[in-house]
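Right after this note come the structures.
Both complexes shown next keep chain A, but they swap its partner, so chain B is in the first and chain C is in the second.
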Partner chain A sequence: MYDIKALYEADSVQDAVRLRLEHPEAQIIAGGSDVLVQMREGKRAGKELISIYMIDALRGVTIDGEENIRIGSLTSFSHITKDPIIRKYINVLGEAVDMVGGPQIRNIGTIGGNTCNGVTSADSASTLHAWEAIVELTGQSGTRRVPIKDFYLSAGKVDIRPDEIQTAILIPKESYENTYGYYFKYAMRNAMDIATTGCSVNCRLSPDKGTFERVRIAYGVAGPVPMRAPRAETAATGQPVSRATVERFALTVLEDIHPRDSWRASKALRQHIAVELADRCLTEAVKRCGGEIDG
Partner chain B sequence: MSRNIGKSVARVDAFDKVTGRAKYTDDRCDRGALVARVVRSTIAHGYVKSVDVSQAEKIPGVVKIVTCFDVPDIKFPTAGHPWSVEEAHQDVADRRLLNRHVRYWGDDVAAVVAEDEVAAAQAARAIKVEYETLPFVLDPIEAMQPGAPVLHKEYPDNVLKHTSSRSGDYAAAIQEPGLICVDKWYEVPTVQHCHIENHICFAYGENGRIVVVTSTQIPHIVRRTVGQALGIPWGNVQIIKPYIGGGFGNKQDTLYEPLCAWLSLQVGGRTVKLDIPREDTFVSNRVRHAQKIHIISWVRPDGTYAARKLELYSNQGAYASHGHSIAAKGMGAFPQMYPCPNVECDSYTVYTNRSTAGAMRGYGIPQVMFAFESHTEDVCRRLGMDSLAFRRKNLMPVGYVDSFSKNENYFDTFNQCFDKAIAYMDYERKHREYENQTGPVRKGIGIAPFWYNTAVWPISLEHSSCRMVLNQDGSIQLQVGETEIGQGADTAYAQMAADVIGLKDYTDVHVQSCQDTDVTPFGLGAYASRQTYTAGFSIRQTGLILKDKILEYANEMTRVAKYDLDIVDSQIVRVTDGRVLMPLSQLATEAFYSLTHSVHITAESTYQIKNNAYSFGCCCAEVEVDIPLCKVKVTKIINVHDCGRLINPALAAAQVHGGMSMGIGYALSEQLLFDPKTGRPLNNNLLDYKLSTVMDHPHLEAQFVENYEPTSAFGTKALGEPPACPVAPAIRNAILNATGVEVDQAPMTPHVLYRRFCEEGLIHDSWREEEQ
Partner chain C sequence: MAKQFKEVHFNLNGRDVTTVVDVRASLTDMLRGDFRMTSVKKGCEVGECGACTVLIDGEAFNSCIYLAVWAEGKQILTLEGLMGPNGELSDIQKAFIDETAVQCGFCTPGFILTATEILNAGVEYTDDELRKLLSGHLCRCTGYENIFRAVKKTMYQRLGKPWPEG
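What follows is the complex of A and B.
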């Protein structure tokens, strides 16, 4: 039995926007795998809810007119993993969200909920950061687009205005074209866990596979929100595809990330793992690009 | 007589359980029941000065709020031990229904009774408690120091109990020239049982008595403790135990049954349900004792022990529960497992401001096996000796008799189990090959035997009572006090009873699974891996009585002498020529409805057990250690057990699988953490407490050596707890084989391995040194 004050069910995006304006105190609920847990814990007990779960228009993956990959915000993790467009262009995202919780959670949990929750450990978040995803929000005056790094404001807080809901996540063609990536979820067990550190790396190689044309890396749980490691990216971009580059790249992440000590893991272990994951993820990403690393 | 015994027949409750039809405690509760919630202390140690319920009382749906100032001034014991008529052996009574002196974060301060869960939760949050805060202590050795905070004034040094054992002359023996001394500490964590069904009970008044329906392993014991806690005659309490979703020892304790019964009485006997949330189950039920274990071994270069010493510090937490019994059992294994003429043992069970420790699968043995078998490996490394050869040479020999329990090691069980494990794993070849590896990912293999004994005689009372009732169709009802808690006991009982009486099929035995202390014969419940062993005696004895009565009636009907009659496949048979005289069903119907001699054929008897049986075995585990990631993957694992004759091989294997899973979690991931600054539990939920999942396990191989146990009614002995005992040290020794690093604390998490790999130079983070 949940302590819910009221539940308003939206049947379209416009309806959801109207309900948002009518009930400014209400919390948006999609799959509920985070919201209901928090209510049970008493954190959001007694609150009103606006459910957007029945808005089927927000489900599915397509390529839009601008050749963006468009992921409807209510698309479940299990649908993303199995989607042919995702598999073809950004398989790593499907792999990343396949590491969320267990099968039941992946069936009910949505990518919109995962990002709107604003937590640093979300399995989709580091990959979406590393692929420079764009968040689409819809309000009374239409839609606006926000780069994902700006969408995350602070721990647990994202840029959604009082009349808005998140309607899609877009991956631009420039981001996914000729690009392959790898995600490593470092957790204390192999299922039903939250990342101690999540690392997502992708790269684009020169046609001869000898040079890194572009390298991007993002971490979850290296700071209060998911974050890129720009110095590390700079250290690898334009450099030869070699073990030396990979190692320099991996060590440079320490200049970008600032993990902290907590009972969940020490700063020293988090730093050690961050370096190790950067190395392993870039090495795997190179392989997926058809490249080879010496040594 | 083994038409049913020894076969992997389907569980008697399988269909109801997989279809969701089996009724558990909550399924039996009236939907209109009131709901209770406990308000818990938010400090680790102190006194409740006042409780402000004014806001909480205004919440709609709140029926009653009681606090630690309202409860009867009665302290009661909770341990699921048989009561002792000797006062000196009675369990320690050190808690009240709600406590003004709170001794751990999560102690019971007040309780709300409301019309539904939401109102109860809202009211619990609205209650304001004012405390006088006292210093607290979380570590048993610190708690023993002068000046440490005192939890119970009756125990000014916090030592609940200290026991010792001495044999030979340790001080003189260590003077022998040429001895090698191995002196090490080992540490094991606080873990929790994590049974699927949280503790839940509901209570109501009926005919001037109180009825409690509860998820417990020990209904007859809970009847007594509810009576004691409420100060009412024990006969005025009725306990009903439906199917339960696991216990693992947590429910071998009185948990919230007394409070629930008392709350019902506070609202005029209305039904009150107390369903403990998972977070509270972690903190405010029972946990496994964390222990610090110090072992000093003096060993000769030829691999024999000259003298040994054990010091064991067991973290009791806030209340006595099972108390020192756990540490004492662990200590008792030390001189037996590797007999040595000169041994000194001391064990201390110490109160601290943490969650109360009680019984948990293995009852102290998983803790000490981690220390003992890690130590065996460490001794062999110092000696440069093969650890398997060392074990074969030094483990308890055949013919060994323990002077206290009179247990005898009848068989060469250790070596037989080793042989099976070694063959399955290819241990010896791999163990050699895996030494001196290089590279980031290394393989290792490790082995560990374990010591265990069935049941609790001669420490506590052991007996079993059984009732059998013949039905008109020749089937029978069976009742015993040893409870089904998911382990499959009911099925084993049906198989045993069918064979004793001569029934064709175990499904002709209807085991009364839902126990009711008003109806079920007195028995002590499910614990100490004793159900099949203990109930076996009374089932066999009672079955023989019933069979004798049936044959007596058959004699009346057939004029054949009783000694020439038998029951075979549910038929009355003349043994002299094997002729089938009639089906048992015909006899039964006649006995019920005869116009000349009508009789209800039943049998009931108690058997008092004055035996005990060793139950040994081993685990062998292979791992892959990713050194840079500080991660261990168990790639192959086997447990081999000698639990005597198997009643149901499939159910036996299932028991072993469950115990191995628990052992893997104990080795690698599980630990309940407490904040050193506040004493607050940090990870009391199933996300942050890393119970291992099916994704963390390889195939779990279970094999058996079946030496018929000579003291047993059916040749069986303990299997419930033993599988959890040897797994952690086997994995630890595999990590040692892979990396050359001795890890002396469980769980061997990445946090621990990172520290150890840095210390041993396997990980070299140059940038870390630059920082420092």
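What follows is the complex of A and C.
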């Protein structure tokens, strides 16, 4: 038995909105792999829960009328990894969420839950930042869209209003077209671990594969919320596809991120890892674009 | 707040069942308490050890971090459901015995259900892929090698291919 004060089950998005307004103190539960564990630990013990897990309308990946990739918020990690649309257009997201926990966790964990808990180490978070994902929220007056960088307010806190639930994550066509990426999770163990640092890079090359048309990079665990490295991106954009560009890009990361010493890892180690991951991820992303790096 | 109960309907090991559960129950609580499915072990109870694993609509879940009320309308398979009509063991269970993949046995039901999902995919996985697919279970006795061999052996048997050395 969990120490749940009361359970309110939503069977549709409208029902969830109504329950949110009726029970302002209640915690939303999607797959529960964070909420139920925190409840066992005593952190959320004795709370009311609004379960949205049974709303099947929030599952699945589609291409919508505006050509966005639309990922329903309750789509599990394993279904994202196996999905043909994800594999074709944004394979790196499927690979990133395939590094969460273990197989059973990837069957219950949802992309909506992974972003709504506002944790910097979430394996989906850096890739969604690097691809400029848009978060769709539904409340009593309809839906609103928030760029993912604005959705994360501070550690553990995201922009969800009292009447809202997150209903989808969108990847715009401008973001995924002709773009390939790579994610590296640096952790102490191969499974059932949380990233020490996660780095997600993607790029679009010119038609002759000689120039970086666009480069984007985001980190998890480089700060209290996932973050982009804009100076590094600028240092590579418009530059020739070469080892020199990749190295300059990787070193410029240090102007963007400011890791701290903690018991998990020292500042020096974190800086070293951040540079190394940026280099490896961009090199791999170039290969996936069909490009080559000299040297 | 008064106690809250809910009627839940689902299919357990091929049989349609109905029960009334306390909404605070986990799926582990319901399967063990209401249905005596004691192959579903209570281990860590926080989704780390995999001892409580069951298949829900063919996919492996940790039943300890799954609300019992979410079973509504689902097909749930526990180890008991693998038994043949005359009490026969399934191929994967036999392989666990033949490869000495069982010592204390606490992790075994969970491992066998995850292996069932893996084997039902009908895919020939590499060693690295198999290890990753089995990584959601902790075993403190065997050192995993014999478990890995049992799953790999059954995979090749089902694919009708010879078992490569090792």
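Assume the second predicted complex is superposed on the first by the 295 of 295 C-alpha atoms of A that agree within 3 Å, B and C clash if a C-alpha of one lies under 4 Å from a C-alpha of the other, contacts with A are read in each partner's own complex, and residues count from 1 in each chain.
Methods note: a contact is a pair of C-beta atoms (placed from the backbone, for glycine too) under 8 Å apart; a residue touches a chain by one contact, two chains touch by 3 or more.
Note that the structure is a prediction, hence the values are computed from the model and not measured.
In the superposition on chain A, contact of A:263 is made with chain B only, not with chain C.
Using the contact criterion defined above for the overlaid structures, shared-chain residue A:194 touches chain B, although it does not reach chain C. Touch criterion met: A:51 reaches chain C, while chain B stays clear of it. Of the two partner chains placed around the shared chain by superposition, chain B is the only one that A:272 touches, whereas chain C remains out of contact. Contact with chain C, but none with chain B, is seen for A:6 once the two complexes are overlaid on the shared chain.
Once chain A of one complex is fitted onto chain A of the other, the partner contacts of A:251 are limited to chain B, with no touch recorded for chain C. 1-3, 190-192 are the residues of chain A that lie in the contact sets of both chain B and chain C, per the superposition on chain A.
Of all the residues in chain A, the ones that touch chain C in their complex are 1-7, 9, 29, 32-33, 36-37, 40-41, 51, 53-54, 78, 101-105, 107-108, 190-192.
Considering their complex, residues 1, 4, 22-26, 29, 45-48, 50, 53, 59-62, 65-67, 69-70, 72, 114, 132-137 of chain C touch chain A. Contact residues on chain A toward chain B in their complex (touch as defined above): 1-3, 42, 45-46, 186, 188-194, 196, 251, 254, 263-266, 268-269, 271-273, 275-276.
For chain B in complex with chain A, the touching residues are 116-118, 121-122, 125, 628-630, 669, 673, 675, 682-683, 686-688, 690, 692-696, 749-751, 754, 763, 765, 767-768.
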